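In what comes next, subunit A is part of two complexes: it sits with subunit B in the first one and with subunit C in the second one.
So, the complex of A and B:
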């Protein structure tokens, strides 16, 4: 039963990340996604200290806002201070992450976080943290509810604003001319990214979540030409990543999150290499004369 | 605390000396090589390399079973290198863009590293304790054997950078020119990249995998704000990196259980933010002050020009004008106009009389000067750059505040000034030359 819960939790986390990650990749914001995933750490530490439970709603809201703060800081260093964009990203998320690690080292006795688990989460323990209903009924792991709710939010965000997201992603100039607020959509996506990384934090940690955000969408991008297909394939690859990762982790007796990242990477690189191989040996065209 | 500080900075403990020397060499050399990475816009690739070091370290440990620095560094370099090659191949051979490729390689290699690390930890091998120090760095855990190897590598890095300084500069700034002057650009780039990988491999012991990229990015970015001179920048970056390293090893000394990396990063980030905001010339504050000054200058010059040109069209420059008159001919926020008028009055360019203002002699001279600059630029654009006359106004509006008297003189020599009254252009108000001041138009020689 526990394994089933783990696979379910891992799949939910991976689907959430794949959907949002597809837009990050298409908007060339993959490294911003990386920055957000790192930067939410101090928010999570402080929130977990205040709320005494990592999965409470307060913690989610507070921590997610730090993710938006880091995008504003990057924007500030790039736009106002005139720093080159890559340096602006690199400087901001690292100090926030460092701050998070320092906070954890100071508060390790008061919170159940430790510096290493923030890197790759503790999905194996997630099924143990169950939600007990009013009558003392065991309603299953808390993480399942958090991630399912997050998936509901992400899905409705994408489905309800599919057109707006597409236009601002593929042709921001056109979107601006027809009067759309591209900044608003940018920050809506940044908010979705922040909250997704916070929701999946407990399960896969602050760093490995990047692999789930980027690898399945990148693989799907290699395989598809249309946005809706990319999204669906990315989500399916996310599930495959989760299932494969769980088995790989069981096999080598290692971290499940690490194994999921490895699986996601394996899927990407095998797709990439197969495509390269096909490109290198083009089929000889059939000649009309024999 | 004070006692610990005194003890630390007396450097009497040989252990402190070792750790300190090691940390300084690691952070300093990383900052030096980072300067070139920053100029070549390759710093985020450095982040990916740093993460990719983890599987190399773990594999080397699995194969050799020891934590000897040589095989671990070798393994780290190999996977770091592979990460670079993968990013390059993915971006060149598929439709995937560089940022996605970097994020992908970074997270996947790190995930693989975590998988291996946790698998090693679960075997219960006693040797593995301390491998996780690679994640956040622990300067205090460096033993003298490690330090000797790492310090040697750091020293080597610094020497190579100094030897190839000129070549690296050229490659970083102008690759095409470097190629044209016969430099082996590809090999130099390879060397620079290898040095970056080496700097990361060496530096992670103190700073940690997760935050190593900071040592490549932040000190050079901060140094860049203080100077435009590359050798100074590289030196300054190294010094700033070393200051952070010093802070890190001090924390390691007073709290050996604390990871070093985050403290090094916080120190250098504070230094960097300070530089971004406060550095002279390039800093945000200095730039804001400059902008403010220019805005003030633009405002007062515009007001003077308005007074002067209104006077010229009406035939008398010295007329008293109220706020209403001024706003009717040129719309601007009233509060700004009033502030500008007051400033001009203080500088004796305007004279307040009741509800109105009047140009003084000095103000009139200045107004004329600005108006002339405006029209000189318009003429220059139409005559020399063949711009349509009705497109020149906007441009002249902004350039008139920048043209120096010398430049105005030069322009005067370049353009043909239309003769009063016979002007065929639509800029009939050029005729102000003859109108108010009674100064004849000077036509350049040869006209």
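So, the complex of A and C:
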């Protein structure tokens, strides 16, 4: 039963990350997930102090808000200080993560956080943290509810604003000229990224969130030619990554998160190699049109 | 020389735009008439693209105002279509040709509203006008430069606007596409639409445009093409580059070799 829960939690985390990650990749912002996943640490520490439990909704909301602040800071350094975007990301997430580490060592007596747990997560323990309903009924792991709710939010965000998200991603200048607020959509996506990252890294860890945000979308990008298919295939690859990773971990008796990231990378490279191999056979030439 | 016109489609007064405190456009004044194909011509860095961006509200001017159809941009947004340089987007984006053209219909749709069957049909119709209908379901990554420009043109047509602003539509396209685009623009102008095109090939400019604007940070001249593309005004626009200028003069007389990419 525990394995089933782990696979379910990992799949939910992977679907969330893959969907949001597809947009990040197409906007050349893939590394912003990395930045958020690290930079929210001080937010989690402070929120967990205030809420006295790192698992409460307050911690999630608090950390998510810090994530949005991080994207604002990156945008400020890039837009106002004229720093390269990758440098802006690098500066922000390192000092904020370091701030979080210092906060933890200062307040170690008051919190049960440790940076290693934040970086690598421990999905194997996630099923143990269950939600007990009235009358002592075991309603299943809390992470399932958090991630399912997050998925609902992400799905409605993407389905409702599919046209806005796609046009502001493909051609922001054009989107602005037809009256769309490109800044607003950018921050809406950053908000979704922030909450997705915070909700998932609690179970799988910051490093693996990055793997899930980037690898399944990148693989789907190789396989598909239209955005809605890229999103669906990325989500399916996310599930495959989660299931494959869990069983790989069981087989080698190792870290689940590590096995998932390995599976994600493996899927990408095997897809790429199979495609290269296929390309050797001659392709149908594209007919010119006049 | 700045030709005045009644009921201008585009009216610009004292427009100054700068990037990082360095002026790109300085004290631009102009009025452009309806139903014409109008070329904006000038050397590299003259501010041609910036002028289009200022009209579309993509850059914030330091000074001056712009009126379209006598109103502000926000009031007439649906009647204005902007075609960015095709290099400004990532053509490896996962989308079909039709997907991109349907984006032209988004201007008519409200928030969260999805494009309907009618929008798809309209988009297909526009693709037909640029002879791209057979490629409607092809991924945009597989298009040539000329085909990419046709897709952008079809997207603009799908907006069903009255005023079109096009940034360098003839760069990196084949001869057949260039001919097709200019024919289409001239047909649209006859239907009363106004088309403003950023261009830098002087030789073809004389044939393509009803009106021309010479720009080099300031407005050098605006008016009917034959009054504007004169050696004296060209000298003023491309000033300093005398060797190039004598070439331009020769070319304007002989019109044998294309001075393409001369700027």
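By definition in this document, the second predicted complex is superposed on the first by the 277 of 290 C-alpha atoms of A that agree within 3 Å, B and C clash if a C-alpha of one lies under 4 Å from a C-alpha of the other, contacts with A are read in each partner's own complex, and residues count from 1 in each chain.
Heads up, the rule we're going with is that a residue touches a chain if its C-beta (ideal position, glycine included) is under 8 Å from a C-beta of that chain, and two chains touch if they have at least 3 such contacts.
All of these numbers come straight from a predicted model, not from anything done at the bench.
Peer 1: Using the overlay on subunit A, decide if subunit B and subunit C clash or can fit next to each other.
Peer 2: clash
Peer 1: Would you sort A:10 into first (subunit B), second (subunit C), both or neither based on which partner it touches?
Peer 2: Neither subunit B nor subunit C is touched by A:10.
Peer 1: Counting touched residues of subunit A, say whether subunit B or subunit C comes out ahead.
Peer 2: B
Peer 1: Which holds for A:94: it touches subunit B only (first), subunit C only (second), both, or neither?
Peer 2: first
Peer 1: So in the superposed three-chain picture, is A:176 touching just subunit B, just subunit C, both, or none of them (first/second/both/neither)?
Peer 2: Touch partner of A:176: subunit C, not subunit B.
Peer 1: When the two structures are overlaid on chain A, which partner does A:36 contact: first (subunit B), second (subunit C), both, or neither?
Peer 2: After superposition on chain A, A:36 lies in contact with neither partner.
Peer 1: Is A:162 touching anything from subunit B or subunit C once the two structures are fitted on A? First, second, both or neither.
Peer 2: second
Peer 1: Identify the partner contact of A:221: answer first if only subunit B is touched, second if only subunit C is, both if each is, neither if none is.
Peer 2: both
Peer 1: Does subunit B (first) or subunit C (second) touch A:143, or do both, or does neither?
Peer 2: neither
Peer 1: With the two complexes superposed on chain A, say which partner A:257 touches: subunit B (first), subunit C (second), both, or neither.
Peer 2: The answer is first: A:257 touches subunit B but not subunit C.
Peer 1: Hey, what residues of subunit A end up touching subunit B and subunit C alike?
Peer 2: 221
Peer 1: Looking at the complex, which residues from subunit A come into contact with subunit B?
Peer 2: Touch list, subunit A to subunit B: 25, 28-31, 33-34, 77, 80-84, 86-87, 89-91, 94-95, 97-99, 101-102, 105, 115-116, 119-120, 207-211, 213-215, 217-218, 221-222, 248-249, 252-255, 257-262, 264-265, 268-269, 272, 275-276.
Peer 1: Given the complex with subunit C, which residues does subunit A contribute to the contact?
Peer 2: Touch residues, subunit A against subunit C: 26, 160-164, 166-167, 169-171, 173-174, 176-180, 221, 224-227, 229-230, 286, 288-290.
Peer 1: Touching residues of subunit C toward subunit A in the complex: what are they?
Peer 2: It comes out as residues 53, 56-58, 74, 77, 80-82, 84, 88-90, 93-96, 99-100, 103, 106-107, 109, 111-115, 131-132, 134-135, 138-139, 141-142, 144, 147, 155, 159, 176.
Peer 1: In the complex formed with subunit A, which residues of subunit B make contact?
Peer 2: 38, 41, 43-44, 47, 51, 86, 90, 93-97, 99-104, 106-119, 122-123, 132, 135-136, 210-211, 213-214, 217-218, 221, 257-259, 261-263, 265-266, 269, 272, 276-277, 282, 284
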